[in-house]
Amino acid sequence: MSDLFIAIIATLGTIFVLLAAIGLVRMPDTYLRISVTTKAATLGIGLILIAAAFYFKELSVTSRVLAIILFIILTAPIAAHLIGRASYFIGVKLWHKSVMDDLEGKYKKVTHELMSEDIEDESTAIINTIEETPNDTKNK
Amino acid sequence: MISRRFLSNILLTFVWVALTGSFGFLNFLFGFVLSFLIMWIITLNNGDEKYFKIIPKIIFFFLFFSYELIKANIQVAFDVVTPKFYMKPGIVKVPLDAKSDIEITLLANLISLTPGTLSLDVSNDRKVLYVHAMYISDKEKFINDIKQGFERRLLEILR
Amino acid sequence: MEFLLALVTGLLYAAGLYMMLRRSLVKLIIGLILIGNGANMLIFLLGRITKGLPPIIPEESKVFLEPYADPVPQALILTAIVISFGLQSFAIVLIKRAYKVVKTDDLDQMNSTDEYS
Amino acid sequence: MKTIILKTASKYLLPLLLLFSVFILLRGHYLPGGGFVGGLIASIAFVVYAFANGLEQTKDLLRIHPGYLMPVGLLIAFVAGISPMFLSALPFMTGEWFAEPLAVIGMVGSALFFDIGVFIVVVGVSLTIIFTITESA
Amino acid sequence: MLIAILSGFLFAFILVFAGNDLKNKYAIVSAIVPFGLFVYFLQFTNRIAAGEVIKKTYQWIPSLNVNLGFTLDGISLIFALMITGIGFLVFVYTAAYLKGHHYLDRFYGYLAIFMAAMLGLVLSDNILSLFIFWELTSISSFFLIGFNNKEKSSRQSAVLALAITGIGGLLLLAGMLILGNVTGTYSIAEMLSSQSIISDSPHYIIIVLLLFGAAFTKSAQFPFHFWLPGAMKAPTPVSTYLHSATMVKAGIYLLMRFTPILGSTELWNTTLIIVGAVTMLYAAIHTIFRTDLKGILAYSTISALGILVFLIGLGTKDALLAACAFILVHAFYKACLFLVTGIIDHETGTRDTTVLSGLRKVMLPVAIAGILAAVSNAGIPPSFGFLGKDLIYESTLHMGDMAIVLTALAVLTNILLLYAGFVAGVKPFTGKLPSQFEKVHLPSYLMWAPPLILAVGGIVIGLFPGIVEGALIKPAVTALGANSGDIHLKLWHGFNTVLALSATTIGVGLLVYFVLKPSEKLVQLAQKFEIISPQHIVESLAYGFAYFSSYWSKIVQNGYLRNYIATIIIFLIIVVGYTLFNHTTFEIDYNSFAKLTVYEILTLVLMIVGILFTVFTKSRLAAVASMGVVGLAISLIFVYYSAPDLAMTQFSIDTLTVILFVLVLYKLPKYLNISNTANRIKDGVISIAFGSLIMVLALEVLSQPQNTETSSFYAENAYILAKGKNVVNVILVDFRGIDTFMEISVLTIAAIGVFSLLKLRLAKKFRDK
Amino acid sequence: MINHIVLYPILVQLFFAIVLLFAWNSVRLQKSISIFGCIVSLALSIWLFITIWTKGTLTIQAGNWEAPFGITFVADIFAATLVLLTAISGLAVSIFSAGTILRARFKFGYLPIFHFLLLGLNGAFLTGDIFNLYVWFEIIIISSFVLITIGGEKKQLEGAIKYFTLNILASMIFLTAIAVLYGLTGSLNMADLALKVAEIENRGLVEITALLFLIGFGIKAAIFPLYFWLPASYHTPPPAVMAIFGGLLTKVGVYALIRVFTLIFVGEDFLETIILSIAGLTLFSGAVGALVQNNIVKIFSYLIICHIGFMILGLGLYTEAAIAGAVFYLIHDIVVKTNLFMVSGLIYRIKGTFSMRDLGGLYAHYPMFSLLMIIPLFSLIGIPPLSGFWPKLALITESFKIGNYWLIGAVLFATFITLFVIARMWSEVFWKDGPVLNKVPNFRYFQLLNKRQKLQMIVPMVFLAMVSLYIGFGAEHIQRLSSRIAVELMNNQLYIEAVLNK
Amino acid sequence: MSLYDYLYFILLPVLSVAMILLFVRFLLGPSIADRVIALDLLITTGIGIIAIYSIITDQPTFLDIAMILALIAFLGTVAFSYYLEKRNKNE
């Protein structure tokens, strides 16, 4: 019974990880890849770790597992946020089927200050339009 | 100030006890001293004061969040495994009611953790959060969902 | 499995050397790192590999009850890795500084000290 | 980096990671870990903090230049190493042990102090290297 | 005796500190040293004449068989007296010649060292100590030749002389060591009894050739003679002392000394006769083509040295006798001529024979000395020279089939030498005194007395040969291993072939002197043949070698790091590969290996592709990130194979390295892809060979039995003795704690290095150029 | 517990290195501590040496773990001698540094690193564990990297990159060799290895391991064709650093070669041939390199290589006398090369250049210094009876005994070129008048130094000159020492017994 | 099929395949950001593999490695972002 439970959780976790992997390969632009994968993987790994905690049934293991999960949940979105905004700075374009880009022209070029409204002088702002060519892999 | 530090200290001590998995008095004491030292070293000067109130709310919120997480995950998973993409992605500007650092941070993180959405950045004046989302059929509805869902619940806990 | 590990070890050495033979400073350091990893793998492999039995004495006993992996190569590699880290970090800074001063990444242009004078 | 999110998070990560690093340090003798990895984690804590809040603030937090941790750690390790020579005329690096195990840590002896020395040196080294590079970058 | 020999060194040492006083006031005092030594050696004459051989041994380095073993026998005594006697005169002469010279103290120091070394050389019984003193004479000669070191030619001559005599010295060293090994002793006296061992040894030829190399270079034999004319750049006292009377005769001494041990073989005799003959004639002819007095004297000295070698080569008792006598004869007249030349140079400022004449009017004592020396040199009776020349002809005439040829050579040489002697000793003093020399005056008696003493001595000994016969010549001949019982030196032998030859020599010689005048034309004529001269050839060879050296060095040390790496690895591949394929058998037992599993293979695929991507990607950042992937894969392998600590550390370190890289990278330029395809293929081949070698080696080692004695000790005692359960950690902090201690020291040093490398900027003004 | 003293030379350097780190901010204090530390170290080394000389080999098991399980430190007479020489050179360079190194360099850890380097040297000489030797080598390498780059000037950096790369490559090969050795024997203790390697049946693999060690150590020892890093880098750091590099660094490689090939890999004919060929080519190539240089420190650099050939030759000949010769040469070379680079440092301070073309007039203006300098210069050539001469006797004799005239030729050739090069140097640097050089503004000419600084330059040179004179004139003592070392080395059983008590 | 077999023969290979997929994205890029994400996910997947492996070998010890991986992966991403931002600023 316990084994079955562990197997199920572990399987679920593995599926999410696999989904994240597939998502990372398939998604058409960087932001989507970040978006899709961060959580799927987090969830998947969390489940697998929980499976391990159930398997060992030891307080020290469980607490460690919780610590890891906590840490991942805490850091994964931050990591996604960091790399997402960094992508924007370096000019990674959005997928051509994207419907809007509210961020356009709101970063100051040099200081990377982010405004809540448009910057008047366009020459000082990072302009990062949606990709024109429908080529999925050539973002840059 | 002192009580705040003390609370942080106790909290850390519990983390220690959980980590080591031994609930003996000595371990607790050791954990306390250790946490105290760490607190002393880094002098956290903006720790929050309501740890004990927060903890149960966190747990409640955690359950809600888990539900959201799984639901959204399935939606995205479907899009990932099926050949055609159904999504309408884009970056949306979401005005913020959250004010303090911790509020904004938690909100942004929770949005990111939910599949399909990703907090890209907070404006320097902390008025807006820029979110990248996969399914923007209606921009206003999207913003509203966030504000009424995550933000409201979160602020309820934090304030 | 040992065969494949030997193959990978050889590959690390080969790749490392190849990188070192390029003319670029950055590649040179990458090459050194790769060879370093190769040497560590070699120690690991030649110390004989054991699967799934880390050399940690179980909580309840005082000696090993079942076979265990040889701890010595592990300790050696640990020391070697850390030492390499020290050297690598220094090397990385060295190339940074060298580039700043010599203004090129091309090693072929750094031979003033070999010139005859 | 000017991001509120990372800044806020780093303030909470710092004590957690430091705690974890000490945990890894102390249990090294029984389970994987030890001074080296522990020291690395501690320095990662500070480095993340530094990325988020800038070097100056991190240095203020540390109060002393991380470089000074190196001789301190080396000295602790050195004293741990020579203590058997003075205490019981045994060779350098011989383990000296307290008779009874301590709670949490287990048996306490010169090896532990040595490992603490390693821990401190590693923190000092990693921080010195990373801070120096970041500063001059 | 040790103190006697070393007194020169002591004196030199004192000069280092007390030199100033000496050079300012008491220069002449220094002559006490050689004079005292002269007297000291003089007192042994009776005992030596009585057939005694005086020995004295001082232990020095017994474990290397080096001792200061001194033997005073006939040959040594001749040389010792010459060294100290002429030394005394030269010291006196110098006091005036270099009066007030800024570096007079140094000069005396060098001279004293030289004298001591030379004494040590001729007195050593131990062949290694002989070599040591031999080298010291070369070194002191170097300093003396280069005494006027502001002149480029002086410096060049000094280096050249040192180079040539240095080569000789090294040959001597090798020869002596081989000789010592063959005979089992380093004592010359002991070798005398093992003559047959040596001549039967397969190493005889090499020993003799090495010895010849030493002797010929030192004694300026053709074709190694050319350093000696150059050495005339030295102040005249040096030319007199070293390059005529003593040092150059060290080679002669060596040949003489080893005549009883190595001599009397065809190789020995023939070689010496040929070399001696060529040298004496070649150098004698050269004197015609010189106008510089010292040049003429230099070549006539070379010629005289040739005669000595020639005589030793003849090897008969007569010849050895002639050699012993001629050494003395030559010492007297040549030293005198040099000193006279020195005076002329000193007073008139020139040594050009074409302008010098009539100086008798202003410096009569000097003229007397010069003319008397020329007379002795010419072999005109009743000079000592006459006696010497007689003995030479006597010995050549008794050479059987070859007598005529050898005698003819000797006569021809002597004719030319007579010419040279007259040009040097007579011409400057005869004829009309040119106006520019009218104000020239006689120098201090300290300068003219020494040559005069020598000149007069040459005549006196000619008249009374008994003075030297019993005391010096006979014991010397005895020491050379010949029977000296019936030797009797006398001036008049009656009318015989020898007398006729002497008369011919003198007659033709004088004729040549009056007919042939030294001139610039002749000098220029000689220069046309410069291209085939040994000096030119040696210099060309030296230049050639220098060119080769620079070519070789540029090939080896070409400045390209990649070539250095490639060379080292190719060397490794060759030697290790050769051994691997020739000395080991391949027996790889695949069954003993762990089973393959899917996830492990996939991890390895990750790793392999990661490595390849790192290598071939065009983006630096991608390469760096790819290293992170490789690091992850390695960590996973460590996890699979029971190394949790390793996995942790490997991964942390790899990521940290990647981070450091990343932090540094953006200051660096883009990747270069400059190497061409050919290079890439070449490097690829080397790399694959290297990798394959490591792989095969690894598999080969894996097939060997494993020894687990050590590791099981750790595992069994980690907890019981070292109180830890994580054995790896226990090894790190306890069993092998020092490794870890040094590991953190490495980290500390690296951190300081990083810190100083990035923070330390030397202010521009402090930069070294 | 007399055997504690085996570790004293290591511990004292470690201690002073740490103390110096604490004194980071005070240059003056650092200088005093360093010199004091070197004196203490010298005293302890003398004590160790005398003890070993009278009592024989001492060992100590670090951590009190019985050999071969812990790390053993072994002070046989060979190791004790080298430790003593390290202390001598170390003291000299420490004082010399105090007078010559720029204040800016002191402020960035020059002295602590210097003591770490000495620590590494002592450790390498004393350790009886092959992996521990690797660790000491790394200490040496990293400290030398830092010393070579400290100040970070262009030529320093260019040289450092080559130095760095090739030395790390050497370490990697060394590590590879250790991996193979461990795979074959499961042991790291050198005495234990000696026993276990002898039992291995597959001699081919033993030879390969030996070759890997040969190459790994050979790069560090700067033998042909592995020496490239040396001429590329040795002339780039400040003279005090050159002095310690030139005196001791390559010698560690030689030490390791001698140690490993007399203790662990004994009697492989194939290796002998290779080592002898390498020795001959090293002598040749180093000499030829020195011949074409015009910069005095570059000349010295090539002469280092050339003279390494003598030591390798002694090892290759592999007889007691030849090893004694190699050891004698090693002893001589450490003192003389250290001194030579200090000499070049002094010349540099006086004239502001290393180029022979621009130098000149030293003998006229600094006669006493010239006499002081001539001692190491002539010792280097091996003008008898100075120190470099004596070991060549054994080398030539032993080459003769195996009938290899090529080797004799190589020895003579190398000696001759050294003679020639030094004679030319003397002529150019000391005799020649030399061009009038423009004064470099702000350059700290010797004449401008204060008396203390001048003394700090001169005293160590006098000290080392005295030592090398002693080696030359007291050759009997050194020869007896070398012979004893050779006897111990050739009889590896002694070492094994001392370590393993069996 | 026991839990051991299931984990060993099914889940571990599947996770490994996931890693390979992630690595494909790593190789494809095209932007640095993509590689950084791929690397981050590779490490995360590595954590999963280690967790499964710790169950298979019954060695909870391995979970500690997972912890370290998580920590350091985060640091890596932070550093890469820092780099990208800095590089962009400097252009």
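Note that the chains are named A, B, C, D, E, F and G in the order they appear, and that numbering of residues resets to 1 at the start of each chain.
Here, a contact is a pair of C-beta atoms (placed from the backbone, for glycine too) under 8 Å apart; a residue touches a chain by one contact, two chains touch by 3 or more.
Since the structure is predicted, the reported quantities are computational estimates derived from the model, not experimental observations.
Visitor: Which of the two pairs, E-G or A-B, is linked by more C-beta contacts?
Guide: A-B
Visitor: Central chain, going by Cα centroids?
Guide: Answer for the innermost chain: F.
Visitor: What's the chain with its C-alpha centre farthest out from chain D?
Guide: E
Visitor: Could you put a whole-Å number on the gap between the CA centroids of chain A and chain C?
Guide: 32
Visitor: Give, as an integer number of Å, the spacing between the C-alpha centres of chain G and chain D.
Guide: For chain D versus chain G, the centre distance works out to 26 Å.
Visitor: Using Cα averages as centroids, what's the distance between chain A and chain E in whole Å?
Guide: Chain centroid spacing, chain A to chain E, equals 78 Å.
Visitor: Going by the touch rule set out above, which residues of chain G reach two or more other chains?
Guide: Correct list: 15, 17, 19, 32, 36, 53, 59, 61, 64-65, 67-68, 71-75, 78-82, 85-87.
Visitor: Could you check chain B for residues that touch two or more other chains and list them?
Guide: Answer for chain B, listing residues that touch two or more other chains: 15, 19-20, 22, 108-109, 119, 121-122, 124.
Visitor: Multi-chain contacts in chain C: which residues touch at least two other chains?
Guide: 20, 25, 28, 38, 42, 45-48, 52-54, 56, 70, 72, 78-79, 82-83, 86-87, 89-90, 93-97, 107, 110-111, 114, 116
Visitor: Mind listing the chain G positions that touch chain E in their complex?
Guide: Result: residues 8-9, 12-13, 15-17, 19-20, 23, 26-27, 29, 32, 35-36, 39, 42-43, 46, 49-50, 53, 59, 61-62, 64-65, 68-69, 72-73, 75-76, 79-80, 82-83, 86-87, 90 of chain G touch chain E.
Visitor: Help me check something: in the complex, which residues belonging to chain F touch chain E?
Guide: 14, 17, 21, 62-63, 65, 68-71, 102, 104-105, 107-109, 112-113, 116, 119-120, 123, 131-132, 135-136, 138-139, 142-143, 145-146, 149-153, 161-162, 165-166, 169, 173, 176, 180, 183-189, 192, 196, 200, 202-205, 207-208, 211-212, 215, 219, 225-226, 228-229, 231-232, 238, 270, 274, 285, 288-289, 291-292, 348, 352-353, 363, 367, 371, 378, 383-385, 389-390, 392-394, 396-397, 400-401, 405, 408, 412, 415-416, 419-420, 423-424, 427-428, 430-433, 440-443, 475-476, 479-480, 483
Visitor: Which residues of chain C touch chain E in their complex?
Guide: Within the complex, chain C touches chain E at residues 1-15, 17-30, 33-34, 37-38, 40-42, 44-59, 62-64, 68-72, 74-75, 77-79, 81-90, 92-97, 99-100, 104-108, 110-111, 114-116.
Visitor: What residues of chain A sit close enough to touch chain G in their complex?
Guide: So the residues of chain A touching chain G come out as 3, 6-7, 10-11, 13-14, 17-18, 20-22, 24-25, 30, 33-34, 37, 41-42, 44-45, 48-49, 51-52, 55-56, 58, 60-61, 64-65, 67-68, 71-72, 75-76, 78-79, 82-87, 89-90, 92, 110, 112, 137-140.
Visitor: With touch defined as at the start, can you tell me which chain E residues reach chain D in the complex?
Guide: Touch list, chain E to chain D: 644-645, 648-649, 652, 656, 659-660, 663-664, 666-667, 722-726, 728-730, 732-734, 737-738, 740-741, 744-745, 747-748, 750-752, 754-755, 758-759.
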